[in-house]
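There are structures below to look over.
Two complexes are shown next, each including chain A; its partner changes from chain B in the first to chain C in the second.
Right after this comes the complex of A and B.
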């Protein structure tokens, strides 16, 4: 806004931002450091910002108390399948809505957009009954099928459509003159150009699936099938109280990989999510 | 899909072939949208119909009975005294969340819009909770907010005795709002930052020449010009706030009392803990109605409060 900022104002701005950062950064620091403290130090006063003593056995307990590797794999593969599936379904639908003229296109688009208006919480009861009848309760099918085909993918379709609308028509006309059919035009020309939009869809779809909580606790009942968010809450003692240091160790193992990927590819993350938000 | 197009008959009547480009395109269009459309019908529209159908029934899971009771669940809804508290908690949660989230997002965006060295690092850090696993983030905050946890420990070093945050009605509500805001405010911050960067610099130049103070520039230039983004973020944030579940389940389980039992959590309890699937479905219809009305109202408001559309 201002052309130049006085040195004094600069110090003030940096100071203000550093204070504001505390609630954003400190919890992550506290999670990681507390996860390696012995249980006796975890509620120590004064709080130990840097651990005084180390207890690495919390991490081995994470794996002893629950099939954590299995649960990690469950979350990872479900998120991967949902992400790839959503990218395929939503890019095809988004392309058709943006570029192909077909009868009732607008009516169909309105029906699909209804998915944006209906949070998946509204339909959780009938979905549970449907999957129960299909014998798919306590399997991963509901966590895969509903996000790819149901309401969560509608936002992705909308993002893809908004992107494909901006492609110049000449590109497709040239391809058509060269004798390419619709499907070839889509895969050979439109899709390669849509990488930024696809990246956005991939990032928010992955995060959405990775964070899913209501659906896993409704649909899954055995520890082997659990996903990470659900598993984290299961590290409790005989009285149902949380075993804090073990929960925090498991939370660290859950949060850090994504955080590291984010720091490496932060530009894509921020721009990707901003891009989708702007269009949404 | 490829097959469908290659099936086109080039040897058809040359004067007017059946598989014209328009016809082929129609077929391709339907095939392209078919998976999504079928998905919406199966996983959204049919369940929506079912949820309405269930809401007209009394459903006893243990006795395995499913009896049509007409509007009885809806009468129950009107007479449910807990529901009033739940709706109150939902309203407080949503309002608190939207106000705190949008003002903090705007403040951070204005700060990040300054030309300062190293500003990208601050942007990354403010954004980082968005990518931290939601339940992991919630667990750490739950740990920090314990009576003898990190926050009260810090306060005590300054001689202040903090409350038992998650066990008192007012502080529990504040806690769940704050935890949620810090988790996701980065998204709105980025949207506001993009909007701020889209405001033409010349407007500020002109205002400065006219001698308008910074605050007035913000009120008269910045706010009106980013109003579409304010509307957009408020819709996303309000609808999102109605779906908050994990934070409540992990931090407070809706308590103390019903003070943090928001509608989705109440729905979950009624349907999946107490197995009142009929009444749970009625609550789903209520949630759907609230989301629909809010979305509609906000789109109507767009015409009045938004000064300009990009």
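Right after this comes the complex of A and C.
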């Protein structure tokens, strides 16, 4: 059908796509270019789309004003642990919901899915009280445990279940005849075939954890425990006003690994979501 | 290799009964085909033998062991599935050796067995490929390789050829038969295709509605079907059935009287169904007149749809027939090949 489009229509179509691209590309462009501008140029009028003066010291100041390396490490290891934990929990739960017949399986699954409908703002206060009693406030445990057993994991479970539902039952029956039990069927047959779905779970779980903002500002109070989104808010001058160019330099550094991960894994991400019947 | 004995095997899903007490003795090394229309319970029966479905009632023995409650892995069976069920993430060699590997066989033994099976099935050059890189026939062979590599007591085949095109189906049919003749392992094969059943089986079990209709050698079923269902199911094109009454002069059907064997005369006065296979008509000037409805030349034979009295029937003739629809020809049924069935229950009368 695309081959039927006339050259003129094609030019129009691509033009329209370029216009639609602006809202997506412009903020990133503005963030990256502003991170190397002197602060006065950020507010210059007319706006400077291409920097005319460069101030590279913003990047060194990012590391001087905050324990940024430490915060980078915090974000990275929390995201990694959450990702691995969610992959384990969601793949096992998704498999169970898709493949194991037990009483009220669908009703239980619906109840689990309801977890997606509860905004984190609603649960944050009781969670804070719970972790306070457990002595876990100002530790990274809440940022690890809440996503692994909370809404992100529920969504991941949904994605994995949708994948496992499509897995032919005969594969499992063949494995049973070959002598495998339930757990071996899961680890040797189902899980290796679920790589695309697992990849998409890994990517969106990592992104979710990396971008988490509300939970860190509630649970963490010392700078060396902060994660990156929280650290970004700390680049302020003596009067509490944001140091825009330094903040944007830190934001650029924060966004970098996410962009790299997404570019490398976008094929699996799209394939994985295609398996679930969801749109990316 | 082992005998397989089914004694009053039953299956229910809640209140719904699907298998109504099947008795079957399969001898060691025998090739038995379970055949029947969709929904007759043949696949369920096979899956019960495999251990993939629970057995509601009765007793199942493989060899001397009662296996009703054993897991599939403990029954010493191997199964070939309709969709082949090859593990997509494993190579042909890994697929074939997977069960041995899981059972803790030594690597050298696995390699030896896989190479032996690959040699028999012509898969030696394909061992490093993945299932997605194989054609339908090759996948089918790998599925068989996976079954034979373990040298089980019983092979179970669940409609293994139904995903193949007609030509390949004929080739694979021959290969499965040849494999059985080589290995002589007890084989239970499920199909809905009566041609497969006829060409492959030592014995055929015809099922309908979860009950056994008849068990016998292919030609016994063909020549002496026990009832109208088996008569209609076995044979292609299927047997013609004409309703009527047995009289002293022959079989009185609407608009025509057909000849009967002398042995049927004691049944005179009884309403019945006259069964005659298409190839048991011959062209004969002294025969009964029939009106041609359709002529289908097949090359080696001619298939003619014709009106025998008021009943539409099919005849297959060695001769080439050039008649047009509406023309009249004379055909003679071979009286020795006539089957009579009771009108009420379809039971064989002669």
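Here is the rule we use: the second predicted complex is superposed on the first by the 256 of 280 C-alpha atoms of A that agree within 3 Å, B and C clash if a C-alpha of one lies under 4 Å from a C-alpha of the other, contacts with A are read in each partner's own complex, and residues count from 1 in each chain.
We take it that contacts are C-beta pairs under 8 Å (C-beta built on N, C-alpha and C of every residue); 3 or more make two chains touch, one makes a residue touch a chain.
This structure is a prediction, so every number in the text was calculated from the model and none was measured.
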Touched partner set for A:173, first chain B, second chain C, both or neither: second
First (chain B), second (chain C), both or neither touched by A:24: first
Touch count on chain A, higher of chain B and chain C: B
Touching partner for A:189 - first (chain B), second (chain C), both, neither: second
Touching both chain C and chain B, counted on chain A across the two superposed complexes: 184
Of all residues in chain A, those that touch chain B in their complex: 1-2, 5, 10, 13-14, 16-17, 20-21, 23-25, 27-28, 30-31, 34, 43-47, 89-90, 92-93, 95-97, 100-103, 105, 108, 111-112, 114-115, 117-119, 121-130, 145-146, 148-151, 153-154, 157, 181-184, 186, 207, 210-211, 213-214, 217-218, 228-230, 232-233, 242, 244, 247-248, 251-252, 254-255, 258-259, 261-263, 266, 269-270, 273-274, 277-278, 280
Chain A-facing residues of chain B, complex: 1-2, 5-6, 22, 24-30, 32-33, 35-40, 42-48, 50-51, 54, 107-108, 111, 113-116, 122-137, 139-144, 146, 148-150, 153-154, 156-157, 178, 182, 186-187, 190-191, 193-194, 204, 214, 217, 232-233, 236, 239, 242-243, 245-246, 249-250, 264, 267-268, 271-272, 277, 280-281, 284-285, 287-288, 291-292, 295
Residues on chain A engaged by chain C in the complex (per definition of touch): 168, 170-171, 173-180, 184, 189, 192-193
Chain C residues touching chain A - in the complex, by the definition given at the top: 50-52, 71-73, 77-79, 81-83, 85-89, 98-99, 102-103, 146
